Amino acid sequence: MTNLFILQLLNGAQLGVLLFLIAAGLTLVFGIMDVINLAHGVLYMIGAYLIATFAALTGSFWAGLLLMLPAALVVGLVIERLVIRPLYARSHLDQVLATFGLVMIVNEGVKMLWGTSPLSVPMPELLNGSIPLIGPLQYPVYRLAIIAAGLAVAAGLYVVVNHTRIGMLLRAGASNREMVSALGVDIGKLFSLVFALGALLACFAGAIVAPILSVDTGMGESVLILTFVVVVIGGIGSIRGAFLGALLVAVVDTLGRTFGPIVLRSVMEPAAAGQTGRMLAPMLVYILMAVILFARPQGLFGQRTS
Amino acid sequence: MSLLSVRNLCKNYGALEVTRNVSLDVAPGELHAIIGPNGAGKTTLIGQLSGQNAPDSGSVSLEGRDITRRSMAERVRLGLARSFQITSILPRFSVLENVAIAVQARSGSSYRFFAPVAQEAALNDAAMAALADAGLEDRAGLRASALSHGEHRRLELAIALATQPKVLLLDEPLAGTGGEEAEAFVQRLRALKGRYATVLIEHDMEAVFALADRISVLVYGEIIASGSPEVIRNDPKVRAAYLGDEEAA
Amino acid sequence: MSAFVQSATRRPVLMSARIWLALLIFAGFAALPLIAALTDDPFLMLIGTRILAYAIAAMALDLILGYGAMVSFGHAAYLGFGAYAVAILNSYGVTDLLVHILFAVLLSAVFAAITGAISLRTRGVYFIMITLAFGQMAYFFFVSLSAYGGDDGTPLQSRSTLFGRDALESDLVMFYVALALLIALFAVATRIVGSRFGRVLIGTRENPVRMEAIGLSPFRYQLTAFVISGCMTSVAGVILANQAEFVSPAFMSWHRSGELIVMVVLGGIGNLTGAIGGAVVALLLEDWLAMLTEHWRLLFGVFLILMVLYSPHGITGALERLKGARK
């Protein structure tokens, strides 16, 4: 039982850092640019497809990853320039519609370019296999590497956001947009940078998860909504909120699915518990969101807007 | 007995004391003006009276009932209406609808889903009466956004009147008007005097001294003097802190 | 919110112009069976019924999106409640259409009241994302409802019955029942918009602070409208289930919610008729693009972006600009 718990906790952490990588960009785009971007999930998918292609071309995961990064940056900049930039001054409704259109385009475009059958990305040799944790407990090295990579990026973001001039602008922009323009900063450039950075992080998440998932066209959809939940829980514009929100959502989701039925079994018949558990588990993160929002409508670290 | 009574109101924004121990009373039919230099905390004070922001301590009561913790909407329903310093209307409603919706808020339920509201004569008549009080009866059919600035100021007043208040809070009703327009507005307010207890915040000293029964002077969030226009005019503290410059000029 | 500029309190003349336009659309629908008979195309009735269902849903969404500035991105959930109300009651042997609608409305009212109360504590981007998340929550609930087929959904044994008779088994009757429901709900929505309640709802869209300052708290009116809209949408779900004789969580995916918003905006928000027209145009466009290429979604996406960038007020906006240009 304890072993299962530790195992699921690690799985939760792994999902958590992925969600954080995606949510970090999304929350900045929301907070600083006040743009709702439904297409953020497809960026994650693009990252996976890019590494699948580049890894196949070069025959190396690492080379693929290295090539993926500048490609992702270009994708982000192009999307920002063509679709997002004209939307800054528009209503949220317009942003929803246009980025919804973008989701359709990218999903279909990916199908046209790569076909509908899932791709796979080979596990890098270096990170293959499992290592023993406690006693008989083994855990895949690659998943640990994902956690480490995610934490490293989080730490990097923390340094950038809290100890650099760019970070100062980002923080200022998230809480008070007018102030940033008053500081004489080129808002257009800042926005492009934020969006491209967000796109890069989302693509990176998609790329590093590719070896343990099948790369298919639906993968952006499932994370998008979870990422929204993360951003809402953490508070729009808050990187710290995105980090804690992501871990919270991921751990609740992962543990809920495994232990929900087990916990319910103590109050119900096993069969009923199994069924109720399976029904409740996928809803758990949304219930969590509802409870948090009921207490704090602006999220855990959000600024209260009047 | 005073209709509106404010006791020991305090509010800080961080280290900044914007309202310091303010107490004031407004008797039925009385017009109580609050004056003070820019940054004296007049708008924050009216915000606390109207329920837009909450005081840190102290109390506000209307007809002896404590309303300190009531929301703005609840206060309006109890008879405490306000106008806004910066015009806040429903720009795409007609002038009449802007006022009729305020009448509607005070008469009968708004949970009526089928009867066409535009044809409710009682609402429209009451709205026309309030428009007449503000001198806008010939503008009733226009889109509210089409009015001039001065007319917007009068529409603010008409909307406040339409909620049938016991106490009116007027936040710089003359803001941005001048000359004849301001004079005409003062005449309207004079005509309404006595019908409502009024708290008037205004920069136009001429208007204040023409209208007020009582004046309180707010400086740095604190009432430094309160009394009849005559008393205030001659109060040395006031002259020093506030009117002094004007007298000297 | 620039997208809301088109609507609001119009001159009465224009209001009635919209109602005339709606009547014209209804007349067109009423004549559809004739065309079906002439062209000998039995599928036309099924396509027509589907369009009618979405017209109801889009109109219901317009009631809060257009008149209340509440961009709900979870409205497909109510389609699902409607559809599953039919499936669930059918499996218990309750087949009456009116009971199905009643049950759908009840489910939707409860869900809308709870999720609306939480969502409406927030504004703007938050509101959009939270309604989306709640919609997704409902989606996952039905995905894991294995008794009704889970992810795959479940076929209906039969369509709803009407006063004890299986009249709906005829596609023609079902089409006219759907049309009657659309017309009835359009009448209801039109009355609501012109009522005291409607005036307050529009007022909260225009200026919530002003509404508070005249003594009306926006929250309760917005929530009521949210519930009404959800309930109306569920009627569309009841029709859809009967049309397809099949229910599945696919009815309530977030893409569906997005499509509903597309319909409303395409027709021009805040005038009910536009939403109905938008549903017709969007679905026909989809079918037409799908005939051209299997990658029609790509074209539809491009169309959406172009519409937002160049004609943000939908068809109505484009028409009005044409009118303006001619003057």
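Some observations on this one:
For clarity, chains are labelled A, B and C in written order, and residue numbers in each chain start from 1.
What we mean here is this: a contact is a pair of C-beta atoms (placed from the backbone, for glycine too) under 8 Å apart; a residue touches a chain by one contact, two chains touch by 3 or more.
In this text the structure is predicted, and so the values were computed from the model without any measurement.
Under the stated contact rule, the graph of chain-to-chain touches is a line, running from one end chain to the other without closing. Taking the mean of each chain's C-alpha atoms as its centre, the chain lying closest to the overall protein C-alpha centroid is C. The greatest centre-to-centre distance from chain A, using averaged C-alpha positions, is reached by B. Averaged C-alpha coordinates put the centre of chain B at 43 Å from the centre of chain C.
Per-chain CA centroids place chain A at a distance of 50 Å from chain B. If you average the Cα atoms of chain A and of chain C, the two centres end up 31 Å apart. By the touch rule above, chain B contacts chain C in their complex via residues 50, 71-74, 76-77, 81-82, 84, 88-94, 97, 100-102, 104-106, 108-118, 120, 159, 162-163. Every residue of chain C that touches chain A in the complex is listed here, in rising order: 1-4, 65, 71, 73, 115, 118, 121-126, 128-130, 132-134, 136-137, 140-141, 143-146, 254, 258, 261-262, 265, 269, 295, 297-298, 300-305, 307-309, 312. The touching residues of chain A, when paired with chain C in their complex, are 30, 34, 36, 38, 83, 86-87, 90-94, 96-98, 100-109, 111-112, 221, 225, 228-229, 231-232, 236, 275, 278-279, 281-283, 286-287, 289-290, 293-294, 297-299, 305. The touching residues of chain C, counted against chain B in their complex, run 8-9, 12, 191-192, 194-200, 202-203, 206-207, 209-217, 221, 224.
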